[in-house]
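Naming follows writing order (A, B, C and D), and every chain is counted from residue 1.
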Amino acid sequence: MTIEDIRAEVCDLHRHLTRWGLVTWTAGNVSARVPGEDLLVIKPSGVEYDSLTPKSMVVCDLDGNLVEGEHSPSSDTASHAYVYRHMPEVNGVVHTHSPYATAWAARGEPIPCSITAMADEFGGDIPVGPFALIGSDDIGRGIVETLRGSRSPAVLMRQHGPFTIGPTAKAAVKAAVMCEDVARTLHLARQLGPVDRLPATAVDRLFDRYQNVYGQPLMEGHQ
Amino acid sequence: MTIEDIRAEVCDLHRHLTRWGLVTWTAGNVSARVPGEDLLVIKPSGVEYDSLTPKSMVVCDLDGNLVEGEHSPSSDTASHAYVYRHMPEVNGVVHTHSPYATAWAARGEPIPCSITAMADEFGGDIPVGPFALIGSDDIGRGIVETLRGSRSPAVLMRQHGPFTIGPTAKAAVKAAVMCEDVARTLHLARQLGPVDRLPATAVDRLFDRYQNVYGQPLMEGHQ
Amino acid sequence: MTIEDIRAEVCDLHRHLTRWGLVTWTAGNVSARVPGEDLLVIKPSGVEYDSLTPKSMVVCDLDGNLVEGEHSPSSDTASHAYVYRHMPEVNGVVHTHSPYATAWAARGEPIPCSITAMADEFGGDIPVGPFALIGSDDIGRGIVETLRGSRSPAVLMRQHGPFTIGPTAKAAVKAAVMCEDVARTLHLARQLGPVDRLPATAVDRLFDRYQNVYGQPLMEGHQ
Amino acid sequence: MTIEDIRAEVCDLHRHLTRWGLVTWTAGNVSARVPGEDLLVIKPSGVEYDSLTPKSMVVCDLDGNLVEGEHSPSSDTASHAYVYRHMPEVNGVVHTHSPYATAWAARGEPIPCSITAMADEFGGDIPVGPFALIGSDDIGRGIVETLRGSRSPAVLMRQHGPFTIGPTAKAAVKAAVMCEDVARTLHLARQLGPVDRLPATAVDRLFDRYQNVYGQPLMEGHQ
């Protein structure tokens, strides 16, 4: 994969953010690690989704410095870069303010693992990370400290919104989409009464099966 | 109808799942029985809705084994197959995690038959089925035991989501669409106060009329 | 206006029902009176919105009997016809099961006139009509008895859904769209606390102004 | 920029109101000040969004009188004009009845600044303005008195809906879009429990950074 391929892929993946209702105006971004190089490709800052082109994607080093591109990188680049520096198994990061997930984040409440779709994708609760301000390593550190050792590819950064990670950029996008989906379903469920968590043994069996059996053997090179 | 016709129909019916907001990412599937043969046609596993083609649909026997197709069948195939084996009058099955219906399922609460549209289509409450794990006959058995003898073509599998059945695949799709619709309306209604069930005599009259009078005499061969 | 023109208009007006999210599957209908004749034009029963054509619209007399058309008329035709027989000033009728309005109808609770947009269009609360079964004049009579003498062009038929009327079919469609809009806004408002009704003098001034000043002098022949 | 350019821009900006779900039927409007002249360009009254063309936009003076155009101006023109007369730094005004923001307005409750996206764009709570009837300067005066000296570009006019302002028309549109977005997220958050406001020092730092660092250096001449 050349950097041009990755620019095209990162650009294209943003369509999932709009299609599944995760973003408003320009507030969400996808990045991918450039394999074998200390580089990442990310959305430019403040550009509308309909105007994104592969060429407008920005290449940065893993300290978040601009390496190549005609635009400034996303204001969240430093947080993405921190994740890539500290989690070598991660090759994609997504950040949104998707409404239901951000509502749980605003209360600082983890999403309880209460339905099978959540056990499949997240293997347990979706955890809450610390409140952290942009402009230092605090957000990146909060993501890494919360997700390291967790089966969940999603973290709800307190009073901010969800970040998701994945072995590919597409997997991180899928986690962002499913995070909002289960955040919505559990929100609706809880509005009219209490909801039980699934038993831990059921969660383990579902997570294991989904990660190893679901989908096509070599589906489009992803997952 | 040849198998090619059924592949085309099953593929096409998936557009209703996206149009009416029943599915997220790849998590929902439609199947149809092949008339006169112990076969079913179903969605491939983990393939995005926009990428579905008639050719990518998968043919399986009624034990859920792959018979023909370039992809792995949906991970829910065994559950669909169980229904076809045990309910000969069923020719279509649909499964989704549609948000409002899944919210009722997460609480394990039947949807009360409180509005005329629900009496028309479901003839009573939409019942809850048992919690069951994927990977055995438990889900299929739970669907059949709950729906056999019920007027409702929909069951809310506990902490999982809705399954619907029908005399045609399109009827099962319609039941999935209407299940989410009434799940949403009753959710909204209940948020601001209690809601009465309709009297049983009114439900009976509405259900009988709708099943026998509504629609066109031989409408497109469906219903 | 010929009957062909009215078929085309009624067919076209259904796009507003789908665009504004008022209908699911085939459950909603628009009709128009044929000026100067004891006839109405209405949607065929059980036909999907994407398949509607001017030719598929059905012409009935004001007792609801089929006069011209290749399809059976909407199962709600008798209710529309009753309204035209008893309210000569009405030239359009719309029925939907739009989710927020139907949620208020399910509880049998009028929508309180608490925001200016509601005073503009409805001139007060949106009232609740009686529970009535399809198959007699009961629904039509309930609509007429509730709306006669009311400024509201919308009635919430209990445990059923909204019906709206207008001096034109387009005005009835607009009332259906605005009924769902204010049903949603007041639902949301009430979820987090009480909401005051507007003072009666403010409602009167807003309603009067909106009916007489808003819009273009001879806007497209409507309103 | 000629008046023709501004007509085209104002017409085009209305697409954001429909895309982000802020408006129903014809109930929302964008205006822009004509630089260096005592004129504004605004949407015509009661015209559907799909029918808007640059030519159908209306030019008025800053007392709200029609100067040029084939249609009557928006019924909210006097309110927009009042803002331009009294806030020379404002070059764009937007008014909608977007559902979540209007729900807060219906209760007369400010939206608490509880998430980082809200600190970024609004620099604090979104305040509530007085109840005021159309037909005098009351609405315009209420907007100006509430927003003068506030960092928020949005005000929730009580029992009416949001108005937003900006240094450009596009900035006012963005504020309207983000106002609905945070109104929705905070509504959802509050439904399941209490939500803390962000500390004032965090709000200050976020607002300052977002206003000065986010986006592209000279992004399309906006912001």
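Throughout what follows, a residue touches a chain if its C-beta (ideal position, glycine included) is under 8 Å from a C-beta of that chain, and two chains touch if they have at least 3 such contacts.
Since this is a predicted model, take the numbers as computed values, not measurements.
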| item | value |
| --- | --- |
| Rotation angle (°) superposing Cα atoms of chain B on chain C, nearest 5 | 90 |
| Greatest separation from chain A - chain, by CA centre | C |
| Distance between chain centroids, defined by C-alpha means - chain C, chain D (Å) | 31 |
| Mean-CA-position distance for chain D and chain B (Å) | 44 |
| Overlap residues in chain C, where contacts from two or more other chains coincide | 191 |
| Category of the chain touch graph - line, ring, star, complete, other | ring |
| Every chain pair in contact, whichever chains are involved | A-B, A-D, B-C, C-D |
| Interfacial residue positions of chain A with respect to chain D in the complex | 24-25, 27, 44-47, 71-72, 75, 97, 99-100, 102-107, 109, 131, 133-135, 159-161, 187, 190-191 |
| Touching residues (chain side chain A, partner chain B) in the complex | 20, 114-117, 174, 177-178, 181, 184-186, 188-189, 191-196, 198, 202, 205-206, 209, 213-217, 219, 223 |
